[in-house]
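Heads up, the thing below is written out as structure tokens.
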Amino acid sequence: MVPQRRSGNSIPESEWLERPSGPTMQPSSPIPPDPVQLPVAESVTTHRVNYSETDQMGVVYHARHVVWLDVARTEHLRAHGFSYKELEARGIRLVVTDLAVRYRNGARYDDLVRIRCRVTDVGSRRVVFRYALELAEDGTPIADAETTLISLDASHRLTRLPADVLAALGGKAGA
Amino acid sequence: MVPQRRSGNSIPESEWLERPSGPTMQPSSPIPPDPVQLPVAESVTTHRVNYSETDQMGVVYHARHVVWLDVARTEHLRAHGFSYKELEARGIRLVVTDLAVRYRNGARYDDLVRIRCRVTDVGSRRVVFRYALELAEDGTPIADAETTLISLDASHRLTRLPADVLAALGGKAGA
Amino acid sequence: MVPQRRSGNSIPESEWLERPSGPTMQPSSPIPPDPVQLPVAESVTTHRVNYSETDQMGVVYHARHVVWLDVARTEHLRAHGFSYKELEARGIRLVVTDLAVRYRNGARYDDLVRIRCRVTDVGSRRVVFRYALELAEDGTPIADAETTLISLDASHRLTRLPADVLAALGGKAGA
Amino acid sequence: MVPQRRSGNSIPESEWLERPSGPTMQPSSPIPPDPVQLPVAESVTTHRVNYSETDQMGVVYHARHVVWLDVARTEHLRAHGFSYKELEARGIRLVVTDLAVRYRNGARYDDLVRIRCRVTDVGSRRVVFRYALELAEDGTPIADAETTLISLDASHRLTRLPADVLAALGGKAGA
């Protein structure tokens, strides 16, 4: 259940996003402003929406985007020299601790969606990815998201990311 | 991919949650502190984890919880006198604009999960739900979450929630 | 993508099911006629269709029923004294080798679906389940299905079902 | 829950497929022998298994293959000049009435799966697709499947497939 997009333009956020009222000013998005940008390339993944992903509102059901993020960060790792499959074989598990998604416009059946992914923070045992999802055709924003993952070993204890993985993601060993 | 829980106790967050470093202090959770509590009862839903929901890490895949939230708020509405199906028939669409999930411990196959749901903010065209997911057996926390939904009409324009729905959710018409 | 049901009655199969033409007469259903009925009780599960299960045709997407069958046979085992979770702990894996579904009418959002499940054949290393899915409200048929599962050990070799499980499912040890 | 494959070779079917016993000889597969082959090209789709598709048995959960079939036939149509999205816009709905899958070997996380798809029967209001799913890397069979779809109009009544679609799929108008 995500905002429908009008034919042509995206719906200006000002039009449907009601500012929260009351004494406690909540940010309009659970995704805080961008921290210091790390010198890591952005990776791009595309996905063609299939029928199983739509719901009766005629757009992609909001839980599907979460899987697209998973695929995007997996490909981001691959673009930087690592497959998540290899990491698991090395005994490392990257586990999601936080997920935040701001839905902007609905994606529709057969749309080609582009997912831009970059690492915005990386520590020895933690990595944060940010994502921008948009229509490949014209850049209409679909959603923005952020996921935080921690590095656990096979016994599910916090463990340091291997130095080579850390470096590839833009972090420094010992950080 | 969510933190595994140890046999018995949950993993103390202090043990695996690394405080973010660097000049920009990010909150450890995308879910801000609870705003003013509205006088609305909490609803409780339970769900037994089925095999399709597990992944090869042996826990529930993190996107599944998002569907459980949907079921929880649907039942919350039902407990307050409305079915979402009726709302749709009345031309109202509740569309998710924001989703935030903090994953605490993994849920496993055949676990009975309890989802507590309450409305924490409601305006004439917007409602915010908060959720606490835990093991029914012993209250082990599984995840906390928050979703913001806006009310759109069939033409996908912002529209006021019907007064009866608003009142049932704890809001006031004209707010 | 499953046949929509008309308001009220189900669509008579004769009206839309075209007999296959050509020299090779294919059965109209991949599910062969019922074999000798085993003296095992039928178990009944219910499921309320949630929003994530619908597709833009306004009915439950056809792959979702497959998960409902899984839940149904899991509950069938439980009703006969075993949890599949226990079986796995005992080193037995029940693995699907064949799936056949005949879709009759679409199920809709918020419908309560009833799944009747029974064992129609059981050997020492193989069990066949049959299912009838219908609307709980009025018995409108949604689908019929059959799944064949084999019993494998942790090394993925065929292994005999434990005698107690076999007996509970209606089979005889040594069969 | 599908048969695991051994490292290297696929598990010979004779090794784990128990012939059904008893008076009623059931075919070992719900998929009958190939009917007369139609002069239509086979289309090929590939899919990289993502983490959400695995289950705790370490292989792709058996319901996921059903979605892959949907994507495969959608691409088959596209390869023959039609997008399913266009068909829907023309008021045609292709609805699945029958699904049969024979699972051969498990697919694993990050595997590249190849899905071969062809039309094996087409009438004026009905089309049957057959699929062979295999590992792209070495052809290890994953599953075989068949789906039957009927053509309905917006009122959900049987309707003839447009002549151009029929011809593209290898059928003849008036058949």
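Every chain is named by a letter (A, B, C and D) in the order it is written, and numbering of its residues begins at 1.
Keep in mind that, in the parts below, a residue touches a chain if its C-beta (ideal position, glycine included) is under 8 Å from a C-beta of that chain, and two chains touch if they have at least 3 such contacts.
All of these numbers come straight from a predicted model, not from anything done at the bench.
**Student:** B-C or C-D: which has the larger count of contacting C-beta pairs?
**Tutor:** More C-beta contacts join the chains of C-D.
**Student:** On a CA-centroid basis, which chain has its centre farthest from chain C's?
**Tutor:** Result for max centroid distance from chain C is chain A.
**Student:** So, what's the distance in Å between the C-alpha centres of chain D and chain B?
**Tutor:** Averaging C-alpha atoms per chain gives centres 36 Å apart.
**Student:** Using the average of all C-alpha atoms in each chain as its centre, how far is it in Å between chain C and chain D?
**Tutor:** About 19 Å, centre to centre.
**Student:** Please report how many Å separate the Cα centroid of chain B from that of chain C, as a whole number.
**Tutor:** About 31 Å, centre to centre.
**Student:** For chain D, write out the residues touching at least two other chains, lowest number first.
**Tutor:** Residues 1, 51-52, 57, 63, 67, 70, 109 of chain D touch two or more partner chains.
**Student:** Which of the residues in chain B come into contact with chain D in the complex?
**Tutor:** Checking each residue of chain B against chain D gives 1, 51-52, 54-58, 61, 63, 109.
**Student:** Over in the complex, which chain A residues touch chain D? Could you list them?
**Tutor:** 50-52, 67, 70-71, 74, 83-85, 88, 109-110
**Student:** Which stretch or stretches of chain C touch chain D in the complex?
**Tutor:** Per the stated touch rule, the residues are 1-4, 6, 11, 15-18, 20-24, 26-27, 29-32, 35-36, 57, 62-64, 66-67, 70, 93-103, 121, 123-126, 146, 149-150, 152, 156-158, 175.
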